[in-house]
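Below are the structure tokens for one structure; questions will follow.
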Amino acid sequence: MSQLLDASAKGVYAISATPFTDAGDIDWPSVDSLVEFYMGCGVQGLTILGMMGEAQKLSGDEAAELTLHFLRRVNGRVPVIVGVSNPGTANLVKLSKTAMDAGACGIMVAPLTGLKTEAQIVSYFGEVVAALGENIPVVYQDYPQSTQADISAQSFLKIVDAHPTVVMFKHEDCPGLKKLTQIRKGCDGGARRYISILVGNGGLYVPQELARGADGVMTGFAFPETLVSVCALFAAGRSDEAEDLFDAYLPLVRHEQQPGFGLAVRKEVLRRRGAIRSAAVRSPGPKLDETDITELDRLLARLETRLSEGVRRRAIA
Amino acid sequence: MSQLLDASAKGVYAISATPFTDAGDIDWPSVDSLVEFYMGCGVQGLTILGMMGEAQKLSGDEAAELTLHFLRRVNGRVPVIVGVSNPGTANLVKLSKTAMDAGACGIMVAPLTGLKTEAQIVSYFGEVVAALGENIPVVYQDYPQSTQADISAQSFLKIVDAHPTVVMFKHEDCPGLKKLTQIRKGCDGGARRYISILVGNGGLYVPQELARGADGVMTGFAFPETLVSVCALFAAGRSDEAEDLFDAYLPLVRHEQQPGFGLAVRKEVLRRRGAIRSAAVRSPGPKLDETDITELDRLLARLETRLSEGVRRRAIA
Amino acid sequence: MSQLLDASAKGVYAISATPFTDAGDIDWPSVDSLVEFYMGCGVQGLTILGMMGEAQKLSGDEAAELTLHFLRRVNGRVPVIVGVSNPGTANLVKLSKTAMDAGACGIMVAPLTGLKTEAQIVSYFGEVVAALGENIPVVYQDYPQSTQADISAQSFLKIVDAHPTVVMFKHEDCPGLKKLTQIRKGCDGGARRYISILVGNGGLYVPQELARGADGVMTGFAFPETLVSVCALFAAGRSDEAEDLFDAYLPLVRHEQQPGFGLAVRKEVLRRRGAIRSAAVRSPGPKLDETDITELDRLLARLETRLSEGVRRRAIA
Amino acid sequence: MSQLLDASAKGVYAISATPFTDAGDIDWPSVDSLVEFYMGCGVQGLTILGMMGEAQKLSGDEAAELTLHFLRRVNGRVPVIVGVSNPGTANLVKLSKTAMDAGACGIMVAPLTGLKTEAQIVSYFGEVVAALGENIPVVYQDYPQSTQADISAQSFLKIVDAHPTVVMFKHEDCPGLKKLTQIRKGCDGGARRYISILVGNGGLYVPQELARGADGVMTGFAFPETLVSVCALFAAGRSDEAEDLFDAYLPLVRHEQQPGFGLAVRKEVLRRRGAIRSAAVRSPGPKLDETDITELDRLLARLETRLSEGVRRRAIA
């Protein structure tokens, strides 16, 4: 039985890809191998059915089945958060209950595209939390680049004040460093209860975000073990080593972080690393052409070179 | 067995609401009564699972079940188009096949939110049509206010040229009168094959659009019989009477056409007319408060007055 | 010397077009005739350099010169509000001072495109009002369809509380009827000071908005005298007559209200009515083609017919 | 007298900041020192009045005066491109003529915000080029993240075919690597005339873009001499050294590239490097707080360390 997510969550929650066969079906054996890959990376948790997991291209039945399969395979080794954002609240609640009953530690919700004011977002979360009930931990996913639903730190703090089940802020606004600092200061465990802040944006600003008080990273970068080391070094007070290691991977972080297109890159890297059998993105979705492949080859070769030059050894020694 | 949709389609295709109980479940008896309401209005066809049908808030299973139920109830009396837009092409195709197997005359697809260039839209429709196969008639839904995927007449004509199964243009861009004229001229049955053009936007510009060559109307206005009369009068060359009748309803057309909020108005009018039992919009969705109800009361009372003053009698005499 | 705008403003503030010659220069004689046209319509005030005034296509020098010219010609007969929205606060302040020194009654500011949260909008208005000083009355223009800067009633009330010089809310959100009611109740002269609310959206919802407590209309509809009568009838408690009159013009209101394109229609109507010499819209801008002209001819002819049938006479008797 | 811009342009065209005093006035002595700074960096050209130059916050008179001042100071040492994008074509043309008369080599135009289809963009450029005449070289600025006006490679090629004065594509779409390749292949000097492609996005993908055939970089990164070296090394066939050098600066490139906020970082770095006297961004604009300053201090210190470790020496040896 999994424990429930709470505000003490930290480290790396990898956003899992959803493996498909070349024909576009869910590739169940690759789900298993992908879980083992993440476990081997030492991640602190997993997030499934995020945008990077192509959740919106799954049918409701597939989403439920995938949730159950993931949870069975993980089998309590790490906590699993399930993305449940949906235009209909009933669908959102149904998947949440399926996930929690099967052992998920919490669910992640982004404000709906089409919410235009902060007042509307606050009201929407009120409705969603009321529909979920008092026992399901909620992650607020702040990703306005995708949802167009922007929220200020002040309004998010209203949600924190109103809803004890909101225990984590998935930070993904960009530029968003100031907002991260405002929310960290607002939820520091003193004047207001502490909440966990995990950062996204493909990991592009991880060292800066950890320095500003983030508790960890929730992203799909295809080298999760590196992020695990970066977080561990940072937590151990070795922030320069942490950032040296991060910077060695930064060219690839940047390359994967290209909105939309980056997902195809990411799945190809996961494939090369043996985590999944096919890099296929479900239709409609980006595909790598020959130029893209050559470009990626070069970036990966350069990474190897840099690591062999000792950056990595120094960093994690 | 229903016939397939083709470019000769004309008149009024009512976009059906989806009736829910106050608790938010599909209200199956109201689906039946709503079908009978539309049949009584003399509409030429029905469109189900459009945006006005809250399709995005249904689960995949509900969408399929609702499609089957609607088709059984209509039972071939009029052709039924099924909205199948979906972020995932596999889901889109699956619902399309379910619908066509059950007797739908065709399916309606809008370009995906997130497609940014016309080239991307043209390419997307290429993929979708290829996945649907050569036997499923397709309606292109042009609703950029909702999808942010804008297309010019020129690019739409490329789609017409490439894909014989695209037989109808659901016109909903605004301002869009010039585009309608361009597409009408481009698909006039001479230089290029004819396609059917039905207009939306809540019907706000119907007389102007019919004058520019539209073949009819596809919208959810709660007085479909009026639109049927308007189209019939117009087709009979009695365009002034057609517009007189339309103008009598214009205050209400305008009121229902408020984006988002108008759906709650529309369902309330349908409820008052006995078509459905509850005006509930599924969560999250707009609700009418007391002021809204008073406002609607007044608009409906004024409509009654105007009709009793003879506008209607004159118009449809 | 003009008086300053205050919260008692009511009635019709016509948003003035900016007349250009066919070559695209400001047509100064038409500015004069247009002012006289508006005066002849009995409007309660004028607003110049709004979006409908193509302000963003004027140079800074032209804007200043036009402001001075308008104010000289009006010569205190009615109060004049000047639109000063600008990406740079220094430019905004400069034009405001030019306008106020020349006798404007106040200035109108919309939140900048690119402001993403309500907190940012509130903060922006704080900066702007601080830069303007304590003596310049400010109209908040709420037009998110154009600015993408949405604000809730609650956040607008914060601005009212913080800044005594904000005396008017130009209401143009759509759907926005609920927000209008919220702001009216929030600024009713009881718990909080009264502010004036004038409505826009081309006038599409005027009767509903007056019933909800709007103080008048600020829009560019080419028959301002009708809106004057509508407001007067409504103020006199003859709301049914007011709405009858309005509804007679509704087909044209709707036609002019088409975003972007409507401006070309409006200027053509103003030209036909003798208010300006050319209907030219400055480049880049919409142009009427032959079909558009025929369509407008028909709408105007139908309006004549309807008025001659007595609607008008009854309404304003 | 400057030469006109043509398709042979390559290397680094620095987008110049506009220096302001703390009070927000143009800081003319800093304009001079900034020009000398860029000259000292060995840039191949300058671009003034870009978005990074806060052009939209200048008055028309300031823009003209700044253009003349810059051109006088540069005095023909490198070609100068002037950003002239403006909601009004007349204003655009006026500034273009002022600039060209004073010795600019060409002007840069982005499609207007509000253009929704590629057909509209192509048409807009037709109007603009017609208004500019046949003697003013034009740079197409493709920056849809800011303009929301997306264009495909195919449509841009139509503009190239129609307008010989369009000689450069300022590439700034993101993700945009595939588009860059398509345009490079489309304008390779074979089937179609060659055009120059300079890339933006703060320089975030420079090595990948040079490998795909970009001719250089046009961005405001505060270490332009590094980009000059990167381009030179790449042109000399030493692409690994080029990328090593680039990667050493990548953490800072990424930090400056944060939309909006990055400008404040950039001006602060320019100030520290002695290029300008104040880092002030004109209101409304971002400001660095203490945390931001500490963060920047750390990034610059880390850069120093890395350079001292020999990356730079190796790279440009």
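Every chain is named by a letter (A, B, C and D) in the order it is written, and numbering of its residues begins at 1.
Here is the rule we go by: contacts are C-beta pairs under 8 Å (C-beta built on N, C-alpha and C of every residue); 3 or more make two chains touch, one makes a residue touch a chain.
Values in this document were obtained by computation on a predicted structure and should not be read as measured data.
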Checklist entry - chain D and chain C are one sequence twice: same or different residues at the contact, by the over-half rule? => result same
Checklist outcome for this item: The larger set of C-beta contacts, choosing between A-D and B-D, lies at A-D
Item to check | Identity of the chain that, by mean CA position, is farthest from chain D | outcome: B
Next on the checklist: Centroid of chain C to centroid of chain D, CA atoms only: how many Å?
Outcome noted: 38
Checklist entry - Counting in whole Å, what is the centre-to-centre distance of chain B and chain D, each centre being its mean C-alpha position? => result 47
Item to check | Intercentroid distance (Cα basis), chain D paired with chain A, Å | outcome: 34
Next on the checklist: Counting only residues that touch at least two other chains, what does the list for chain D look like?
Outcome noted: 260
Checklist outcome for this item: chain A partner, complex, touching residues on chain B are 24, 54, 56-61, 87-91, 94, 112-114, 124, 127, 131, 260, 282-284
Item to check | Residue ranges of chain A touching chain C (in the complex, touch as defined) | outcome: 116-120, 144, 150-155
Checklist entry - Within the complex, which stretch of chain C touches chain B? => result 174-175, 177-178, 181, 204-205, 208, 211-212, 240, 243, 247, 250-251, 254-255, 258-262, 289, 291-292, 295, 298, 302
